[in-house]
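Each of the next two complexes has chain A plus one more chain, namely chain B in the first and chain C in the second.
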Partner chain A sequence: MQASRARLFKEYKEVQREKAVDPDIQLVCDDSNIFKWTALIKGPSETPYEGGVFQLAFAVPEQYPLQPPQVRFLTKIFHPNVHFKTGEICLDILKNAWSPAWTLQSVCRAIIALMAHPEPDSPLNCDSGNLLRSGDVRGFQSMARMYTRLAAMPKKG
Partner chain B sequence: MEDEVIQEPPSVSSEESSCCPICLGPMVQDSYLDKCFHKFCYNCILRWGKVLADKHHSPSSITCPLCKTENFAIIYGFDGIHFQRHSINQDFGDSFILSKDHRFRLQCYYTEQGILDDIFNISQYWKACKYCQPNRWLQSWLRREIQALIQEEDVDIIVHHILGSVNASFTSREHKSHSNAHGKKQEEFRISVSEAARPFLAARAERFVYELQLFLASGLNIEAFDAVYRQRLGWSSAGANTQALRSECIDRTTIIPYLYVFDEDSDGIE
Partner chain C sequence: MEDDYFSSDDDYQCSDQESMEDFEEPDFKLVTAKGPTTQVITKESLLVAQKEDLRKVMDMLSVREHHARTLLIYHRWDVEKLFSVYVDRGKAFLFAEAGVTVDEHRASDSSLSSSIMCDICMEDVPSDESTRMDCGHCFCNNCWTEHFIVKINEGQSKRIRCMAHKCNAICDEAVVRTLVSKKQPDMAEKFERFLLESYIEDNKRVKWCPSTPHCGNAIRIEDDQLCEVECSCGLQFCFSCLSEAHSPCSCLMWELWAKKCRDESETVNWMTVHTKPCPKCHKPVEKNGGCNLVSCICGQAFCWHCGGATGREHTWTSIANHSCGRYKEDQEKKSERAKRDLYRYMHYHNRYKAHTDSFKLESKLKETIQEKVAISEGKDSKVRDYSWVNNGLGRLFRSRRILSYSYAFAFYMFGDELFKDEMTEKEREIKQHLFEDQQQQLESNVERLSKILEEPFDQFADSKIMEIRMQVINASVIIDNLCQKMYECIENDLLGCLQLGTHSIAPYKSKGIERASELQVCWTNKANDTGGTEEVDRPSGSGSSDESGYPSRKRARKDDIGVGLFDLNLPAAEVVDRN
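For the complex of A and B:
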């Protein structure tokens, strides 16, 4: 418990320093609970998520960093490895391949990388996975772009 | 997921290289993994190893948090010349070290020597040549004792070595003709066994030989010996139970009279 607190505090300080360095990620710690974080990440360019801003919720376990944080999308996203309803993310480093050398910041980077490189063979969103697996890249992209526009971009007008 | 962009482990930039990648704090007790030589706090990497062991039930290796290399030991306490080495399978896994009995035996070495002398009479053991009767619990007792003292699981070779020197001094007949044969015998035993044990147990070798004699003199099996020991130290939790055990044990130590007679004859004294 003490170890996780100390480590999260270190990350907090690091995040304050790094803010300018990585403009694609904005990590914010909950005002009252250092185990609750949210992040705003920019959809990577040249993907259907470009132009969108996606919100992630982090729940950090007491055994952190020996155990991975639980991360999910709060913003709706159409992506093979993200559950469409719950926002749950299928990403190895958040499960078996977790290493305590990862930080919340680097997890965000990994999620951005996952957005750019979907893994249709281990889908949480079957519709999305099937579109890609059947080779309908255009179909996938237009669906993903539509949801980005609907959910991840400021409403116009 | 095989995506290499995702797979790449987060790198530690040069400015942070003095920080432990696990706690992100300053390195406390520098430790290195034995294959990839990545550096961590001793406690941090030990705790990570414990997590891996709990997860995989095959606690023979530790995956480096930075490069995922499989490692088999933690190198620590490096002072320029010497270093210590913690093999993984000894400390994690079935939490071997944390065995209550091992810890108890280790604690015994921090107590004052001699508080059981009135219960187990070591000099009587030598006088009566009780060592002529083989102790069938000796090997198991040695194994546990050495495991506890050096905190390693695989101690077969050391046990074999020490057992060899114990048996050698039991069977040597040099001092049979002397008047104080048993005293010499005991001294010879003390010297040769502590010499055999010292490379492994260092400063604890002497005390180890004392504890060994105490165990031999008790004539008890390991459980009973522990029970009596614990009770004397006031560490026993189930008092009534060990009380019963103890009286039963004491009885048993006095039950082998034929040996006394036999050996006192051959000694030609008393």
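For the complex of A and C:
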């Protein structure tokens, strides 16, 4: 408990210091609870998510960093490895490949990487996975772009 | 190099061959010339058993014990497989695959600064409060400890990886032990136990004895073939399926048979076909003739076809929607079949049961016979040696069991359930006759032996006793041969020519199910040979296991059995000696 708190506090300071370094990620800690974090990440360029801003919610366990944080998308996203309804993310480093050397910041980076490189063979969103697996890249991209526009971009006008 | 390993194997084998060869009856054929191939591993000898395999790997690859263990756990304690990977793919591959890194970094680590930054807690810690693993990653002791505890709690003691990202290395168990025991000694014990038990749980050559309540033992076999074994707790079981010893039934047959006997599925089957529940009192009603307007003993009348209630005044013709002639035909066929299946099952089950029951009754005979032997031995007579009585009795028990299981075997071998498509009707008939002839011969000889053994030989004169002795010995030899032949017939002529199903049975052992020998003894000998080369990873003396620093809780188990009691599977000579 104490260890996780101390470590999160360090991470917090690190985040403040590095804010300018990585403009794609904005990590914010909950005012009253250091175990609750949110992040805003920019959709990587040259992907259907480009131009979108996606919100992530982190729930950090007491055993952190020995156990991984639970992360999910709050913003709707059409991606093979993200559950369309709950926003749950299927990413190995958040499950069995977790290493305590990861930080919340690096988890965000990993998620951005996942957005750019979906794994259609272990889909949480089967529709999206099937589009990619059947080779319909255009179909997938237009769906993903549509949802990015609908959910992850500021409403115009 | 492989030769070394194989030849040294003999040293590990412990044998009580001597006692087996003291077998007194010259007429008995010694079928198993080989030493015992099964060994009991108790809580106390588990460490020793592990060490044997560890040593092979340590000697072969010149690695330290914890590396050997990591390699062996990765290869599920299959030393031969590990060596073949080593030969085929090389040492580097073998090590990398299992997550073993051998001291490359420790030596090159010259940067002994006074403090390091731990990437986990992100604190600066004095370097003497941090630990560098073999893989080169260094974190503070606190973080390591927490990591180990989390992993042990998750049940991953056997493969605790380094905390660094994508580092496949397995943590040095000595480090885990030291760090964890400082914080949570009970957790360190748990870790220790997991490591030890990995030898049993991850090893195809070792299985826990299935006794309930658990005797705490495990059995190790030398070659991974199908066999039946007796644990030192007295339980006999099939090493393959862990249920009671059931040869000449195959494991699948036995599983099906046991289930069938348990839930009397045939009865249920017959009832569903032959009876219908009364719509009023719900008792099953059997139709004993007459028309299809049935009345239950409770007075309720109902239609046999649809099971619906009708009034007494209704005539058959006046009930609407009952033109189900075709339906009725099917029903008849079905009931015919069910009846036939049930009779068939009953035939085999009755015989199976009869032999099992005789076996139980004859177990009582054991006591009376012991008394008779005692009386006879007390008499001043020329006949001194009564081991033939016990031999005969052992043979009787053993063959009774075989006989009873042979009926379960026949039920499936010649039934439709398993091998319907394997044989033509004609083939099946021939095979069935072949088998039944042998079974019958065996059966009559077993009954003969049973009868002879019941003779009140304690009241007979010497010459008569000698005569009975000859009869018992002859019958025993005949039965032994018949059993042997029956097993051969099953293996070669019946199961051997199956195409689809693969059924195999444990080989026939003339002396009964092999009793696993205690591992303890052999290790003591072995340790005296090679003691001293041991690495001091853990207090492990080279004497007996009592000094090994491992909790030694010897139970009186060993003494409970054998002494004063007759044991079916001990050579009779040995039992008599003890008495």
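Heads up, the rule we're going with is that the second predicted complex is superposed on the first by the 157 of 157 C-alpha atoms of A that agree within 3 Å, B and C clash if a C-alpha of one lies under 4 Å from a C-alpha of the other, contacts with A are read in each partner's own complex, and residues count from 1 in each chain.
Note that contacts are C-beta pairs under 8 Å (C-beta built on N, C-alpha and C of every residue); 3 or more make two chains touch, one makes a residue touch a chain.
These figures come from a predicted structure and were not determined experimentally.
Legend: residue contacts after superposition of the two complexes on their common chain; A:Ala6 is shown touching both chain B and chain C.
Taking chain B and chain C in turn and counting the residues of chain A each one touches, the greater count comes from B. Once the two complexes are overlaid on the shared chain, A:Val15 sits clear of chain B and of chain C alike. In the superposed pair of complexes, A:Met143 makes contact with neither chain B nor chain C.
Look at A:Glu119: by the touch rule set out above, it reaches chain B but stays clear of chain C. When the two complexes are overlaid on their common chain A, residue A:Asp92 makes contact with chain B while staying clear of chain C.
Across the superposed pair, chain B and chain C both touch chain A at residues 3, 6-7, 10-11, 14, 63, 65-67, 93, 97, 99-102. Listed in rising order, the residues of chain A touching chain B in the complex are 3, 6-7, 10-11, 14, 63, 65-67, 81, 91-93, 97, 99-103, 106, 109-110, 113-114, 116-117, 119, 122.
For chain B in complex with chain A, the residues that touch the partner chain are 1-3, 5-7, 9-10, 12, 21-25, 44, 47-48, 51, 63, 65-66, 68.
Residues 119-123, 142-143, 146-147, 150, 163-167 of chain C touch chain A in their complex. Of all residues in chain A, those touching chain C in their complex are 3, 6-7, 10-11, 14, 63, 65-67, 93, 97, 99-102.
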